[in-house]
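First chain A sits with chain B, and in the next complex the same chain sits with chain C.
== the complex of A and B ==
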């Protein structure tokens, strides 16, 4: 067992398998990565009206994101009754100015303060002021994307997003009046580590293998194989970029006008915002770690505000076609990129993975970025550079 | 689930309380308090508008316009316990001056349906 997280990644980019399988490392990640740095929690389109709320997770911790009934401000608080610990809100989204716990009826204002308990004569000295829902101390929004942090102080959200900001700008401007997540999400779960899904979000190297059946169907329909792999391998306008702070992007040509073959609603790039927010196609993907070997992924199609219902229905149908439970692509990723990797990682005699693809040809770009070829493992290295920085501070207890 | 139709919500006990805390008045049908009417069981077909049903994970109410009195009123029924209140236009207009925080005392369960002692 390697106890120094920094030693789990070598200078020649071999990565130790225990980063996906060690319970101790998972717990260290919850402290180092999911308890302090900024975490995405919601999009403002999910919380447009006072009283709107949604439930989600900050790391493994259940949270409520709400828009205050009277102040209209955004609040993020732990979804845990201060009495006996039950989740106070159960619905994935709703509108309520007060929340009442289903266990014993303790009632909170929707921005946290305890407003009352049932049969309160049994609590002559209850300090209600100290028993509000626990707030996350920092909440900030960038172009509609809401983030929260467990740390009362630290770098600003804009500094944290850094070079990822121009891409979030473009995403936020996809529709005539922006984007909205009003279609909700569909979820997939798998019995493997959360990082497998994040890594797979920008991995053009796998596309021709894992998604071969998809390419064959397209070839049947179109009369010839689409040139996706040729463009990934030879189109120099397709590129991967380490944006710093763990963020990375794959551009399909120009970051405003590029495309990956023209599916409706598709973004001109794939984007990873460290640690667990991803953008692929027309989808926002929120990766939720549950345990070292259990992950839930929520996929939110991004509809275009101001566009016609027909246009947005087209985005949904296209999204379902590839990512849905019976889609042409998503299930293959679950089987091969997650489940088969989990099975393989049980073989630990030589417990190292290789993530060096293209490291010799990374080129420095503007603002400290590193630019590589489309199918190089630049995004994986970008992710694990930040992972190593944060985990090295934490250590394994 | 109780049927809700344009002929009005049946008032009185009925199935009320089945979904609530049967040990507390907040969940069971309660006697009417002064000013908090439990409307008479009645037809009301012509005097009561179509009912709006509003449900969340925290509450479940039926709301309708009631014209059986000498002037119009808003009728609200808590579908979890059968309690009913009628609000007149001035009361409703005054509500618009509230902040939600000032409603807080009404949301304290010990001040409403979950008292240890009867009101």
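== the complex of A and C ==
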């Protein structure tokens, strides 16, 4: 086993297969990537009223994101009773002033403090103030996207998002009055590493191969060959950009009005915010690592606030046409890009992969960005540059 | 309480069995022909799901249903390569409502699906709105499959239910 994370990626962009299969690396990722850096947890449209909450995950850890019933502020806390460890909140979302653990009845205010201990005469010196739900020390929001960090100190969310911010601005302005995540989510699982989903999110090289059956559907729908592949391969305004800090984008021409003609949703670009937040089609995609070889993905269609029901239902139908467990595209990614990759990676005799596509033609852009062609592996390298930086700092124990 | 007409119930049940037989045999173009031009094929996600406001597993009009069949026949639908083998077990068939031009049939279905060394089961309440076909028999104007597991994380539901 290679124990130095920096040695898992060579200067000519050979990447070692163990990044997807090693339990030790997965545990190191939980410390280096999911414990310290900013992590997306929720969108403000899910938490509009005081008392609103949702449950999700920060890395592998279950958390509650709430808007305080009293203070109206955003809070992110571990979903774990301080007494004996049961989750205190079961619902995916709702509104509550208190969370009561069903095991022994300990009760917490919805912003964390322990408020009730049942039959507490048996605890002569219980330090209640120290036994609130464990908070993530930093919570911040950018244009409605809420992030949290397990590290009490570190760079600000805005510094972390860096060059990704203008794209998040555009996403947040998609509807007349912004966006909302009120339609629920598609949830899918696969037996493979979480990074396979993230790096497949902007991989324009695969589209014509994995999604050939969808391209045939589009050709039938449009009465001619759909334009998306020609644009990916030959349109010079289609660019992949390493935005720094692990973030990347695929622009379809103008970043406000672009449309790739793929009938996948109306976002004018695809965006990856390191490590596990993606925007593609018309969806916010949250990739949840469960184990080195198990991942859950939640796809939240982003509806347009201020638009008609008919318009928003159209967003949902377009999304369902390609994505989700019954979609005509997404499941082909699960089959080929995740599960067949997992099967193939069991052949470890020569365990190196090639991630160098278009490396020679990456051009420096503004603010430290690197720009490449649409079907180049710029987003993958952007991701793994940051991965390697964080993992090298942490090391493998 | 309406009077049960066992002959009519047996007639619509026979139609459901024939539909299931076409699905299990993957005779999908023939299956598609069972649907009317204005048909809806719907697999909701979650209970009380509202297709205007909530994401669904799928909600197809006849055009998109045809696209699904076309995709599965293309030879490039990798999530169905190899294809799922399915067995539809149908029970509790009853006529839920008789309207002027249609009959609404309720059933339960247990769909066993086998693919790539894995077996999955999908159990659901199924609704069919059937209209008389010109040549006799029935056509499907609306099919709704309410799966018990529609809102748990799912893998690959790209075969047709």
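Here are a few things to note about the model shown:
Keep this in mind: the second predicted complex is superposed on the first by the 393 of 397 C-alpha atoms of A that agree within 3 Å, B and C clash if a C-alpha of one lies under 4 Å from a C-alpha of the other, contacts with A are read in each partner's own complex, and residues count from 1 in each chain.
The definition used in the following text is that a contact is a pair of C-beta atoms (placed from the backbone, for glycine too) under 8 Å apart; a residue touches a chain by one contact, two chains touch by 3 or more.
Note that the coordinates shown come from a computational prediction; the quantities given were computed from them, not determined experimentally.
In the superposition on chain A, A:69 makes contact with chain B only, while chain C stays out of contact range. When chain A is checked against chain B and against chain C, the one touching more of its residues turns out to be C.
Of the two partner chains placed by the overlay, neither chain B nor chain C lies in contact with A:225. In the overlay built on the shared chain, the residue A:342 is in contact with neither chain B nor chain C. Contacts of A:121 after superposition on the shared chain: chain B is touched, whereas chain C is not.
In the superposed pair of complexes, A:90 makes contact with chain B only, with no contact to chain C.
Contacts of A:325 after superposition on the shared chain: chain C is touched, whereas chain B is not. Those residues of chain A that touch chain C in the shared complex are 182-190, 210, 212-214, 216-217, 220-221, 296, 301, 309, 312-313, 316-317, 319-321, 324-328, 331-332, 334-336. Those residues of chain B that touch chain A in the complex are listed here as 21, 24, 26, 56-58, 99-101, 103-105, 107-111, 114-117.
Considering their complex, residues 43, 45-46, 49, 51-59, 64, 67-68, 70-72, 74-79, 81, 151-158 of chain C touch chain A. The residues of chain A lying in touch with chain B in their complex are 50-51, 69-70, 89-91, 94-100, 102, 105, 107, 109, 115-122.
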